[in-house]
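Worksheet: the structure to be examined is printed underneath.
When the chains are written out, they are named A, B, C and D in that same order, and each has its own residue count from 1.
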Amino acid sequence: MAKVTLLINCKDKSGIIATVTNFFHARNGNIVYIDQYVDTENGIFFMRLENEFATDFDIAELRAAFDKEIAETYNMDWKLFAEERVLKMAIFVSKYDHCLYDILGRFKAGELNVEIPFILSNHKDLAPIAKAFDIPFYHVPVTKDNKAEAEAKQLELLQQFEVDFIVLARYMQIISDKMISEFPNNIINIHHSFLPAFAGAKPYHSAYKRGVKIIGATCHYVTAELDAGPIIEQDITRISHSHSIKDLILKGRDLEKIVFSRGIKLHIQRKTMVFNNKTIIFT
Amino acid sequence: MAKVTLLINCKDKSGIIATVTNFFHARNGNIVYIDQYVDTENGIFFMRLENEFATDFDIAELRAAFDKEIAETYNMDWKLFAEERVLKMAIFVSKYDHCLYDILGRFKAGELNVEIPFILSNHKDLAPIAKAFDIPFYHVPVTKDNKAEAEAKQLELLQQFEVDFIVLARYMQIISDKMISEFPNNIINIHHSFLPAFAGAKPYHSAYKRGVKIIGATCHYVTAELDAGPIIEQDITRISHSHSIKDLILKGRDLEKIVFSRGIKLHIQRKTMVFNNKTIIFT
Amino acid sequence: MAKVTLLINCKDKSGIIATVTNFFHARNGNIVYIDQYVDTENGIFFMRLENEFATDFDIAELRAAFDKEIAETYNMDWKLFAEERVLKMAIFVSKYDHCLYDILGRFKAGELNVEIPFILSNHKDLAPIAKAFDIPFYHVPVTKDNKAEAEAKQLELLQQFEVDFIVLARYMQIISDKMISEFPNNIINIHHSFLPAFAGAKPYHSAYKRGVKIIGATCHYVTAELDAGPIIEQDITRISHSHSIKDLILKGRDLEKIVFSRGIKLHIQRKTMVFNNKTIIFT
Amino acid sequence: MAKVTLLINCKDKSGIIATVTNFFHARNGNIVYIDQYVDTENGIFFMRLENEFATDFDIAELRAAFDKEIAETYNMDWKLFAEERVLKMAIFVSKYDHCLYDILGRFKAGELNVEIPFILSNHKDLAPIAKAFDIPFYHVPVTKDNKAEAEAKQLELLQQFEVDFIVLARYMQIISDKMISEFPNNIINIHHSFLPAFAGAKPYHSAYKRGVKIIGATCHYVTAELDAGPIIEQDITRISHSHSIKDLILKGRDLEKIVFSRGIKLHIQRKTMVFNNKTIIFT
């Protein structure tokens, strides 16, 4: 059994669903999942579909056919994935270890269907963890003066290992526009607040100062504007006046880990689409 | 614009989605919503679909065509609704007023797209509320000795007003098998615990006694076995040792109201299907 | 049995708890509740205490004694309430009815231990609800040109009825500094977002635009800065890309009602203290 | 600065708080935390208090004085802890690794103020994890025929290492009455359901079968009756019809880890008391 996943968006029109489902039916496919959403405000149609073929198929041929028979007509933005292709995920970290531990633990437990070609950091502190989990570690220091050089080194590694997407596991550096344009909607960050509240540095300190009764975490795609990219997942936990900033940081850790891993999983499973700086999440 | 909603389930087979979407496409329909689920354990396919026709259509003719062209072939369990048909909802109550107030408030605010032909109670206490909201109230006392007679009276009213479904807004009486068989998956109850914990009477007392740290509420379809029917919706709230039974009852009220109204809305919008004593909820 | 509730804050010092508990013990009191919190950052001590006297007592005498024996020494900010004194709560509304219905429903159900001398609005729309619940309704229109005059009328009513605190049940007008200074930490607002995100007008529209995955509501004391006062209570609910602005408004209603009523109850029970624009909530 | 923590419960009587606070005040102590609760149903008073002494003190002497001056008079059940004493926590596991990884990760990160003298298992599978974290691992196989012998071995280890309390990190064996009586309210289990629903084996399978819309986890003290001990902490997560048993197990893992670690922390911080098979949690 071979499965393909199709993601499309285009101007909303009558007949798209029938046309697409017929495409697979005509090739003896079996659609095992279909979900769609219409953004009525902008008149955009979104769909995610999983199809199983009982026999072998040629993904390149399928893509060409889909493009010619359907995508062109509807002027679609589309992607067609073969399931056996496992994504390559690079992890960027600085000094905080809790998100890294969490991702690697889930990876070892088989929760994340990816390859992890390397962990990259601007500090050496977490190298032992990479070693303990048998994953190559690259130390690429970033200073005020070497930013361009550091980025060139990063891009080189990303290309060399054919990385598909990057997760920023509390990587405390700004990502350049160039890097973002190389990996559009493929850089995932975890921010430790319920955005848009408390964007930027030290959100737990700001939350404490404001006296909020809930704190949150947000997993989002990185865009040029800091902490303003499309939100993939958010969650919160209750706090009270009696919690110190240190307590918030501790409680927030659990939130960060869970929200981050949920967001990463949705990306791996190709359940996310981005439009107008917002995500459509197919569940 | 005229909309129809289709709900189907049948043995899972290749090609169902294409077949069904073609059915509407061939009639110049526009599918605006489609969602499906496969119960892989039992090999059952479920689908919910909304289709808009630009021009008038005959619902009876459409049903006949669907039955002949598709439903028979796939041996489907199916329903096809025209949207303009507003459901008739009867409310059964005893003495507690909070769920009744909540439903009627939402009804007045236009949240619930139903007609409410009457409120029925085994007590007279809530008659003034019915009056304040201009809804007919029927007092049908239930005693140990008049059960059959009371039920006959209830059924008579339900038939007379062509009631589609019944909501038990803290109606403290057992519903007979006969009544259930007349309204299969059309009697909705709110139970004040996170079922299956604390089924039966006085769940807040039991929750207090057990020392749980969360209490819940469950909205479910009524079946012959008490508090064991298909669950439509559940939610919980946190409590602590410092809460008395009275506190639990107060906190639980808000839960009951919200969980009940969510369940009722899902039913009204035909977003629920029942199979094997479980619900499929299309969202 | 006569109960008093004491709220204090002062510079943190050794021996406060013993001194205060002795004060009541020496008068044959029985302390039935005590909770305290130290803001270690600012070195401030907070305490809430409930004491029962088996026999009658003179609240004025008790206050004088406490002031002389303890409060002066520790330079305390303190309040001592006799429980039998029921607070007078004024309700300000504009045109939205859901919060008003919810408060009045809870009031009738005995959930809120207050008197409601009147409902005031800048529109006439909700007068019938006030009438249905037998509560005086005052229509005080507010225009660009009559602000001072309208406020004078409001203050006159508040004084005439000896109002203790005001709840803004979706009252869509700015509260003047003068009004705030007359009722410091005694004006309670419900804002339909998880502040500090989406302060100001149309938060549901902003939440939709930003593509957040959770929406919230915040109950807070009103201060001169819009939506920036001390937060009493917050809660959230999950949403998805598929929810329209209208859906957010509907889902938000339930949040607003619950968060607002929780905040009002905490205030009525004298479980809140304010310091540095933050609340201490004793539970 | 030396801190002590006092936990007491006794028949509720007037004057307890003043008496106890005076005890510390008279010794130049500074009470930095006090919280109390009265179980009005049973007339029982509970209190937790933290006191700081500016100078050295003799904990044995303090205990003797408290016993003589106060505890005897009020017939108290009480414990007085010196903060510097770090508890010794043994971890029992079988084959599941996620809770073990989580506890050890938190331990390494400094979240859990304990010593971990050893990990014990009836299987050898998790020995490598113990080794990676540098903690002694004991393999004590349990079969139908060697139960008494295995338990003797376990008790010997627990005594040899002066273990204070045991955490069962998905240890799949029944704990004997003898073991429980040696560690009353000192054996902490994580159960993968919102008890009392789905006690016993395979709760995720039962939850799936029942079609609940929420699943939960419960951290509790172990008593003779299976899964019926005093509940320390619970939490839940939402699921839908579309989640398979495997999905529930995956989602449940995160819940188990978080609920378990919260329960363990409350125990370590001596914030729990047990009475009538329920916990009082001081926060």
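Throughout what follows, contacts are C-beta pairs under 8 Å (C-beta built on N, C-alpha and C of every residue); 3 or more make two chains touch, one makes a residue touch a chain.
Because the structure is predicted, anything quoted here is derived from the model rather than measured.
With chains reduced to the mean position of their C-alpha atoms, the one farthest from chain B is D.
Two chain pairs, C-D and B-D, are weighed by contacting C-beta pairs, with B-D ahead.
Chain centres here are Cα averages; for chain C and chain D they lie 37 Å apart.
One inter-chain figure worth recording: chain B and chain D are separated by 42 Å, centre to centre, where each centre is the mean of the chain's CA atoms.
Residue positions of chain C touching 2 or more other chains: 242, 283.
Here chain D touches chain A in the complex through residues 97-98, 101-102, 105, 109, 111, 132, 242, 250, 254, 258, 261, 283, going by the rule given at the top. Across the complex, chain B meets chain A through its residues 14-15, 17-19, 21-22, 24-25, 28-36, 38. Remark: chain D residues 37, 40-41, 194-198, 210-214, 216, 230-236, 240-242, 244, 277-281, 283 touch chain B in the complex.
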